[in-house]
Amino acid sequence: MAVASAYPAAPALTTERAAALRRNLRRLLRNPSVMIGGVIVLFWLCVALMAPLIAPYSPTAQRVTNRLKPPSAQHVFGTDELGRDILSRVLHGARVSLPVALAVVAMSGSVGVLLGAVAGDAGGLLDEIIMRVADAVLAFPSLILAIAITAALGPGLQNAALAIALVLWPEYARLIRSQVIALREMEFVSAATALGATRRRALFKHILPNALPIMLVKASLDMGNAILLTASLSFVGLGAVPPTPEWGAMVAAGRHKFFEWWLAAFPGLAIFSAVIGFNFLGDGLRDLLDPRMSRRG
Amino acid sequence: MSLLAYLIRRVFITVPLLLLVTLLGFVITYLIPADPLAMVLSERAMANPQIVQAYRERWGLDKPPHERYLTYVGNLIRGDLGESIVTQQSVSADIARYFPATVELAIAATLIAVALGVPLGVIAAVKRETLADHLARVASLIGVCVPVFWLGLLALSLFYYRLQWMPGPGRMNPRMVPPPVVTGLLTVDSLLAGRGDAFANALHHLMLPAMVLGAYSMSLITRIVRSAMIEVLQQDYIRTARAKGLIERVVVMRHALRNAALPAVTAIGLAFGNLMAGAVMTETVFAWPGIGRYAVESAAKLDFAPIMGVTLLVAVIYIGINFAVDVSYALLNPRVRLS
Amino acid sequence: MKTTNRNTLFIGLTVAMGLTLAACAQPTAPAPSAPAQPAATEAPMPAMPTTAPAEAKVLVVGLPKADTRTLDPHRQYEITPPQIMRAVYETLVTLPDKGATIDRVEPLLAESYTISDDALVYTFKLRSDVKFASGNPMTAEDVVFSFKRMGALQDNPSWLYSDHVASIEAPDASTVKITLKEPNAAFLSMLVSPNFAVVDSKVVKGQGGTDADDAKDADKATDWLDNNSAGTGPYMIKEWKRGEQVVIERNPNYWRGAAPFDRIIFREIPDDAARQQALERGDIDIAVGLDVDAIKRLEGNSNLQVITGNTLDMTYLALTMNAELSQPLADKRVRQAIKLAIDYDGIINGLLGGTALHLPTIIPLGLLGTDPALAPKRDVAQAKALLKEAGYENGFELTMVYPGERKMSNVILADTLVAKLQEDLAEVGITLKVEPRDASTWRADYRAGKLTATIADWTPDFLDPHGWAPAFAVEGASAAKRVYYVNKEAEKLALAAAQITDSAKRAEMYRKVQEIMLDDAAFIGLIQPKVQIVASAKLKDVIYNPVYFLDYYFMSQ
């Protein structure tokens, strides 16, 4: 594992660290995957931040006389069944999908880290219980489990986000747990704890910084995952509630309108590009962290 | 660990896992105030206390939740997945009805994925770091990232509505008399009945959804075959083979590919979970009467038993396939130890 | 009223007939069962002789996603089953003019009927020439079994029987006497419902059916009835593939003479665009549930005909009378102002392209005692005056919670309708704050009486104003309680009108109920949609009616 071999770098001196950082940054920028992914992700982040400024119309303003108009100079992506401007809705959609994905990753990440750390640290029965629950979740294809949970919770974007977070946390837990166990056996931690440093301190000081790069890769890939899952849930009517301009729900609205192809095409393209952006970014970061893995790209 | 011990251990882990999931699902459903009866009873019937009471009794909704759960689990252990409030059928019967369509779609998708993914992976590995390799890598990334429901809509829009090359949603032309049911797979049943016309029609209907569904698996297979091939091609015996002057094609086909087959099998197994998830979306888009569409429709109606039934079935298959992959791996490669 | 209503229908039919004639005039029409198919898109069909006498005559009906839960006539209560039920089972009475007339009934399996003056005892004399598909003759015993079974099953439609019937008996083999719990002039119209289907009691009992009081647990016939039928109708159920299709086949023993099609396939094609495409390709003969945009595109196609009929569905605006929820709305003048502020014409002709009627209040047009002239007209000046009188000269803010992106009455997106109302009300100074919700939350809140203002649908249960008036006018009744509607006069009239048999008098009482409710303006009628069905021009007598949807007995090629 990359993490194990990279470990000794962590407690190193700050100047060395800064140099390493600069070196890494240069490598980062030379990697085409990171560049492409980064640009796409940056684009959508900017869109999410500035949507109200750059969107030509309000995402919810209806003009019944203007419904189902094909793309034109006034409406670059056309209009939907309620006469709303699709470009504006797609741009505002970034303000829905990205925060939701971010929340999902934050939730699943923190829950996963917490449970993984507890499991690895405590061991015994608690470890067994946590990891068995994690196994239970991993026994299901994520979308199917997310559908089941959302169906039980009732449709809605918040419930969908919660369901997706519930589906995604186990991998973080596994990751952190293995780190904790590996570190526990390392001498200097034992020494540190012997010297009175709390184990929690060890966790924050050594384990988390060490696991951070690989967590970042995972988080980037999961951002894409979360966007895709949210859109999928919305597509089957379990996610966003109208009139939220959510991309998956917008594609669903175009489902029965094949002659008005622009209804589904543009929001779908938005999902696709955002997901591929995060995947490029994640893949590229992984290549950098683990040169051996790059061959598996 | 011996194979038997491994098997027993897996079963011991899996069964409580599945029960845990049913419990979670049940608790969540119970906490939600929505009344499933409101989904199936009309306003007038809801206003009639006798009918409402009869329905509560009929579906066991009058019993306390823990009792309902124990009944559900008791039935589950006997292989009874409960009843759907919406279809009023046993979930097992419903699943038996819808499952063949999903199986047919999944098999077709896997065949397409293997037929395209393996050669693509091999080419990418052999022509590493060339344009072909980069294209294959980008293509496989696209396959993993594209929302399958969107891909399905685009495919329908293009090949059905515009070009009219492909038939529309559904498994067969409505006017076509379907063959007698033997396996439930329309293509196979058509052949068994000697019905060339039905076979051609069913196959034609199957192609587009199978290609859409297969896109993800294909990408995964391409990726894994590529990296496995690269690893194998660097091995000593390949160098030896090359040094002996064997033609590159022979080296690749006879020596390298055979050794890269194992990871490819793993990839197909790994892809299965996503195949099932993809089937949910593909079936929704293509009006394909399989278990995925059944699950989505039940979800919309707050119908607990079918959602849980499909979820459990998929989990069992998923775990089973992973298990089969592990075992075949161990059998084919003695160096791998089961744990 | 009736005339207008039927005129629309007849215009539709005339157009249809014209198209039919045009289509028939083509000298070399393709063989009926070999629809024109684009050669490249389907598997090659086996070569067929141009004159194929042995080829089965098949009619394929393309339905949207079907909500069918069962095909047991005594249990089904969903939207899809009635048209299938109608082809398979029959009832004592039916609608005249092949189903085109809806404000009276005529005998079908009954030869004649009498109703006691107090509307309490209904006596039916049965026809003697009716046989079930099994060959068994239909007797009074079958009718009694059928009705009692429907009541005893305690399923969705059971209230039709158990709420009304005190006793049912068969004095002799051809007479059925039904005594009601209380006088009810609407009962006859309920008998048109396919839930009152007469089934072959011998066959159904043989399959485990029972009409005993414990039928809800003891009856085992539903599984069989889901895949077979035991009726007197022109067709028999051959197969039901859930989520895919229902196939019915001709009943060779049909008592009115064998039906024209060997087989009718009801095929689910959930995707609107795919259903439209299938119709254009000839894969299906009738497409149900296409939207206005699709129908507009198909109108120029000479191979197709568009059939229009009036539904009894309706969408209305509900305003609460509960002052705790809304101070302004508790004032009748404010509600009246809202009623006068709405641009009904803009909704019906602008948004819906004329595919709906202007519903006056809560009883759909076409039924007894209804009159389109009752419908309010827009009068912005008057609305403003009323608001001023009520002290809201500067307007006020009103919150409207509605089911987001739901198709009201299956024809108009709630959002579109609400946006239009918002525009209209803004003109009189009322700011409508709109809050879309998901359908189940919205429904629960509306039913619990928590909403100040909303739009909602109501679907027919039977063809008599009694299906509407009491529900909306009686204090605490299912619809009335949602807006806290109380008006003792309306309540008294709505209940009394069902207890007399004199149609003219009843009509007058229902008219009065509507006038009162219009004045109270708690329920403001918006639209009563027309239904549009597109069919192959080769089909004759495709007639819509709001109970059975389509009656396949009359349809031919």
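Read from first to last, the chains carry the letters A, B and C; within each, the first residue is number 1.
Note that a residue touches a chain if its C-beta (ideal position, glycine included) is under 8 Å from a C-beta of that chain, and two chains touch if they have at least 3 such contacts.
Not measured: the values here are computed from a predicted model.
Asker: Look at the interfaces A-C and A-B and say which one is made up of more C-beta pairs in contact.
Answerer: Between the two chain pairs, A-B has more contacting C-beta pairs.
Asker: Using only Cα atoms to place each chain's centre, name the chain farthest from chain A.
Answerer: Most remote chain from chain A, centroid-wise, comes out as C.
Asker: What chain is most central when centres are computed from CA atoms?
Answerer: Per-chain C-alpha centroids compared to the overall one single out B.
Asker: Could you work out how far the Cα centre of chain B sits from that of chain C, in whole Å?
Answerer: Using C-alpha averages as centres, the distance is 40 Å.
Asker: Centroid from C-alpha atoms only, then distance chain A to chain C, rounded to Å. What do you get?
Answerer: Between these chains, centre-to-centre, one finds 48 Å.
Asker: Could you tell me the distance, in whole angstrom, between the mean C-alpha positions of chain A and chain B?
Answerer: Centre separation, chain A to chain B: 24 Å.
Asker: Which residues belonging to chain A are in contact with no fewer than two other chains?
Answerer: 154, 255, 258-259
Asker: Note the residues in chain C that touch 2 or more other chains, in rising order.
Answerer: As it turns out, chain C has residues touching two or more other chains at 271, 273-274, 440.
Asker: Give the residues of chain B that touch two or more other chains, as numbers and ranges in rising order.
Answerer: Correct list: 34, 156, 161, 302.
Asker: Which residues, counting only chain A, touch chain C once they are in their complex?
Answerer: 62, 64, 68, 81-82, 154-156, 241-243, 253, 255-259
Asker: Please name which positions on chain B make contact with chain A in the complex.
Answerer: It comes out as residues 13-14, 16-18, 20-21, 25, 28-29, 32, 34, 137, 141-142, 144-150, 153-154, 156-157, 161, 223-224, 227, 230-231, 273-274, 276-277, 280-281, 284-285, 295-296, 298-300, 302, 304, 307-308, 310-311, 314-315, 318-319.
Asker: For a test of understanding, state which residues of chain C touch chain A in their complex under the given definition.
Answerer: Contact set of chain C toward chain A: 271-274, 291, 293, 297, 350-351, 404-405, 413, 415-416, 419-420, 436-438, 440.
Asker: Over in the complex, which chain A residues touch chain B? Could you list them?
Answerer: Within the complex, chain A contacts chain B at residues 132-133, 135-136, 139-145, 147-154, 224, 228, 231-232, 235-238, 248, 251, 254-255, 258-259, 261, 264-265, 268, 271-272, 275-276, 279-280, 283, 295-297.
Asker: For chain C, which residues count as touching chain B in their complex?
Answerer: Chain C residues touching chain B: 33, 35, 38, 40-46, 58, 60, 62, 69-70, 77, 154-159, 162-163, 216, 222, 241-245, 265, 267-271, 273-274, 277-278, 283-284, 440, 443-444, 461, 478.
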